[in-house]
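The data blocks that follow each hold one structure.
Below, chain A partners chain B and then partners chain C, in two separate complexes.
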Partner chain A sequence: MRSTTSAPKSLGWLLLPALLVLALFLGSVALLLFHAFWVKDGFSLIYFRQILDRADYHEVFLRTVSISSIVAVASAVLAYPIALLLWRLPRWRNLLLVIVLVPWLVSLVVRTYGWLVILGPKGFLNETLKWAGVIQSPLPLIFNDLGVVIGLTHVLMPFAVIATLSVLLQIDNRLEEASESLGAGGFETWRRVVLPLSLPGVFTGLGITFLTSMGAIVTPILLGGIRQKMAGTQIYQEVVYNFNMSKASAWAICLLLLSGLGLALLRMLEAALVPKADR
Partner chain B sequence: MNAPILRLGRAASFALLLFLPLPIVVIGATSFAAAGYLKFPPGELSLRWYAEAATDPRWIEAFGTSLGIAAVVSVLVTAIAFAGAYACHRLRPRWLPAFELAVMSPLFFPHAALGVALVNVLAMAGYLGSATGIVIAHIVCTLPFAWRPIVVALQRIDGEIVEAASLLGADERRIALGIALPLARSGLVTALLFSFIISFDEVTITMFLTGPQVTTLPVQIYAFIQENASPVLAAISTATVVVTLMVVMLLERLIGLEFFVAHDPA
Partner chain C sequence: MSRGTIQVAGIGKEFGPTTVLDRVDLTIDGGSFVTLLGPSGCGKTTLLRLIAGFLEPSRGTIAIDGASMQGVPPRRRPLGMVFQNLALFPHLDVFENVAYGMRIRGLAAAEISGRVSKFLGLVGLTGFERRRIGQLSGGQKQRVALARSLALEPAILLLDEPLSALDLQLRRQLQVELKSIQRQLATTFVFVTHDQEEATMLSDTIVVMNGGHVQQVGTPGEIYRRPASPFVARFVGDINMLDGRIEAIDATSVSVAVGDRRIAVPRASVVGTAATGRACQLACRPESVRLGEAPANALSIEARVSALHRLGPTVKAVLDTPLGPLTALAMADTPHAAELAEGKTVRLAVPSDTFTLFAST
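Up next is the complex of A and B:
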């Protein structure tokens, strides 16, 4: 809607509500910094020092980063064939897209509950395996890191499907036709034409799933053990049970920094792997 | 590639796709099981868990709260996004890229960090544990999702229509409400329905903000899972799935789902 008639400056007032929302958000970030560095009534680094000193806290952050990395890679790998399927079947795309979007939009607490019902000690899977005589005692599928990885991967996979599919849909059909008419088989065309062109979507998916997994609370609490804490669980406990806003804020800042670092590393990896013209 | 391998690959991809709705389907099946848990072979069917949920005032209240908050949030955030995006579109300020980056910035925050940040600011304003606080937080979180489809829709409007209207004497108010608003309706409907679902189903940030006075459906589901995983939860969860499914189908019928997989033309 580009128009040559100049719009009056008074339209600027329409920006006010959005600016207010933005100010609220930026204000909350400023308060986060304030609380993290201002403990009781003075400047202090006590909670940052605590994070640096305590081995159990190192373990929490290490677990958060490793689980998030595994979840991001697993989501990207498992989502790729789904995205390819939707791309290949344009006539069915809308129906299949509903199958991807509805689980994505349904509350993650509901999806996590579903995994409890399936994977729990008395869950559907264990009971069925017992009934079939495959196992005697239930398999420990949840209340450990495995449960958290399964739950988070499932919760975040739709993000990766959508990110990958949106890039696949950008690919010019003629490139594939050209590749095939030059004698490349289906697999060869995928490996040499489609895969490199779809990598930016895969990387977007990796970034979103990593970031979301870093900030997860509900799935780690419900599917992980009491000892299998992630940074999000610790933050939630500090706010809701200990009312320690300073500690929670310090943790939130560390979480933000680690997430930013992860995303920066992903960017560098993408820059190294994806030819510039494709980005 | 020869056909059998291709077909095998397709079948495997399809199996992966069906993995996505699996937990929802399992919950749906559980909610109709009289025994209250899923077993194989299946047992007797019953609606008792739905009856139990529908007669428990705690669930009715939480359901109403969640629908109400989602309705208020979606209307407000769509209005805020339309006003802002329209002004940006017409004025094209030099700082537009920086402003849009700031609007999108909550997306770059892990939810746990965003939750703490919002608790800080809402506690200071005295809105912690109130519906107003939850509405404010949801507006902050959904603005990026409402902004995008509206910007895309505004960019599709033919500039000559606006120019013609302007030459024919339409004032700014008329151009905004009589031309831009109806022509951008696909973006408005997408923003409205998308932010409604996000608000209705949001749990990670909301659980920082609920209190004894007010709680939302997903947060109450979370609390009940921790206390006692009663089969009533399966019935309640299925109800949230039905609401989500209905909104997605509505969006599909009215506008289509292309927005979710469309590349940002901006």
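Up next is the complex of A and C:
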């Protein structure tokens, strides 16, 4: 009895770091709200009104949402076969997982410059195609939305692989045997058993990649065009170049609301598509 | 040869350096209820998975109704399987679980719903069609698994310890139902268990396995009365074992010295080849140990009751004898049983024809 009552007391200080993080988080959110609604010396909604009024700003948000959606879907689609392969090859799983994750060991900036070398106007891909006579002038693969999609998908796909794999690994392999003993071949078993049971992982991956690319800054700056801003780059610009904290905060809040909306839609889609696998 | 006959010939199976099955020969008659019985690690589940096709044998052949199963994948074998953990599809409801195999076959919707109703009726789950698997009790899941694997009307149903997770009462009830379903459908049931009572109750034929070998194949009665090895004798039911030495062999009986006693065991009760002077083991069931005066040709000894267990209709007594401890089982309402008390000295007798003699052990 003594140990159960005294343990929480003596371990209470372990909560300290968590409380510190929580205080910092809540503090910065409070600061964000303050900046957003307190412009110069008084309460104001000027930057929110600006966002609602200006068509070019609508375009930035629209681009942010559509690029993020495309990146999320592309990551999920590309990640699924990789996750399936990792799941199917238990002996090679750790090695392959390292290969999937190795890009994360390289700095984001270096990785993104790698894409410049490959996709740029005088990059590897364009030069090769020119040499082969397939094209006359370089394809615009970079400094536009396509470049941002490629760069972000590359960075975020491992998240989708891990999310999908972790759900696949929870599937009892006797279920596949049961399906097989009932006459199903490999593809039928995948379609009727493995796919429905792995969808929750796919949706987790969609959520992670969508949210992360909604807030992307570095990749859009380096691979996107000067004019093709995303919300993250706009906020970055307001903070770093224009020192307009109030405008940046208003943008951040709008971005947060849009992200939340996107996530809510994703949840609804998941609820409609994924049958409850309660056991 | 009736439908659902399985012939296993010279099967061996290794996992790496470990031999799991060695030279297994077995014929399972179509339409019978056969149990593979043995302790864990005896190879019974491996044999079942070889028949199912989830494993390929290292040596030997398996044939079903005369057709070799070599290289035939599980989905093309005429059998169904009930898994130990049942492996019901958690994302499908009861109806869709039972309908699964028929959907794969592409049967018409009307036929599917007809057969689902028929088999859910058979296992007593009518009205549960739209329940989710997570809403079912252990016994109900069991029934769904059974209906799912029977819905394709396979010639053979393989069952891998499907009842082991249930409590005793439910288990007994499902055993009775399982047996009656098997009788109705005349499907060959191959049932794996480590529970000898379950095996005895369910089976037409019991295959006792140990250490990757088949020890004995027989009806529950044969296995109990004439165990083929000391292992089988110990594994199926309670048994008393006495060490002896073969003194003499004649045309009708074998004379064995047990301690300072001699007993003539009929030759029909001898397992193995008896040779004079060799050590042997004498086995007898507790109910063969009689209390009171000895009939002719019986091992008769004085014993002290060291422990007494009254089990309702029967009494079980652990007895100290000059030959070692013996267990006796008697009906509680007999006069001798009523007089039993711990510490009391009694006279007991084991008729010589109730012994099994294991020679050359």
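The rule we apply is simple: the second predicted complex is superposed on the first by the 267 of 279 C-alpha atoms of A that agree within 3 Å, B and C clash if a C-alpha of one lies under 4 Å from a C-alpha of the other, contacts with A are read in each partner's own complex, and residues count from 1 in each chain.
One rule holds in what follows: a residue touches a chain if its C-beta (ideal position, glycine included) is under 8 Å from a C-beta of that chain, and two chains touch if they have at least 3 such contacts.
Keep in mind the model is a prediction, meaning the values are calculated, not measured.
Of the two partner chains placed by the overlay, only chain C lies in contact with A:183; chain B stays clear of it. In the superposition on chain A, A:249 makes contact with chain B only, not with chain C. Once the two complexes are laid over each other on the shared chain, residue contacts for A:55 go to neither chain B nor chain C. With both structures placed on the common chain, the touch criterion links A:192 to chain C but leaves chain B unconnected. When both complexes are overlaid on chain A, the residue A:35 reaches chain B alone and has no touch with chain C. When both complexes are overlaid on chain A, the residue A:116 reaches chain B alone and has no touch with chain C. Residue contacts after overlaying the shared chain place A:94 against chain B, while chain C stays out of touching range. When both complexes are overlaid on chain A, the residue A:154 reaches chain B alone and has no touch with chain C. Comparing chain B with chain C, the partner in contact with more residues of chain A is B. For the contact definition in use here, the residues of chain A common to its chain B contact set and its chain C contact set are 185. Listed in rising order, the residues of chain B touching chain A in the complex are 1, 6, 9-10, 12-14, 16-24, 26-27, 30, 37-40, 79-81, 83-84, 86-91, 102-103, 105-106, 108-121, 123-124, 136, 139-140, 143, 154-163, 166-167, 172, 176, 180, 183, 197-198, 200-204, 207-208, 217-219, 221-222, 225-226, 229, 233-234, 237, 240-241, 244-245, 247-249, 252, 256-257, 260-263.
Those residues of chain C that touch chain A in the complex are listed here as 52, 54, 73-75, 79-81, 83, 85, 87-92, 100-101, 103-105, 132-135, 148-149, 152. The touching residues of chain A, counted against chain B in their complex, run 1-5, 7-19, 21-22, 24-29, 31-32, 35, 78, 81-82, 84-85, 88, 94, 96-118, 122, 124, 127-128, 131, 154, 157-158, 162, 165-167, 169-170, 185-187, 211-212, 214-218, 221-222, 231-232, 235-236, 239-240, 245, 248-249, 251-253, 255-256, 259-260, 263. The residues of chain A lying in touch with chain C in their complex are 172, 174-175, 177-185, 188, 192-193, 196-197, 275-279.
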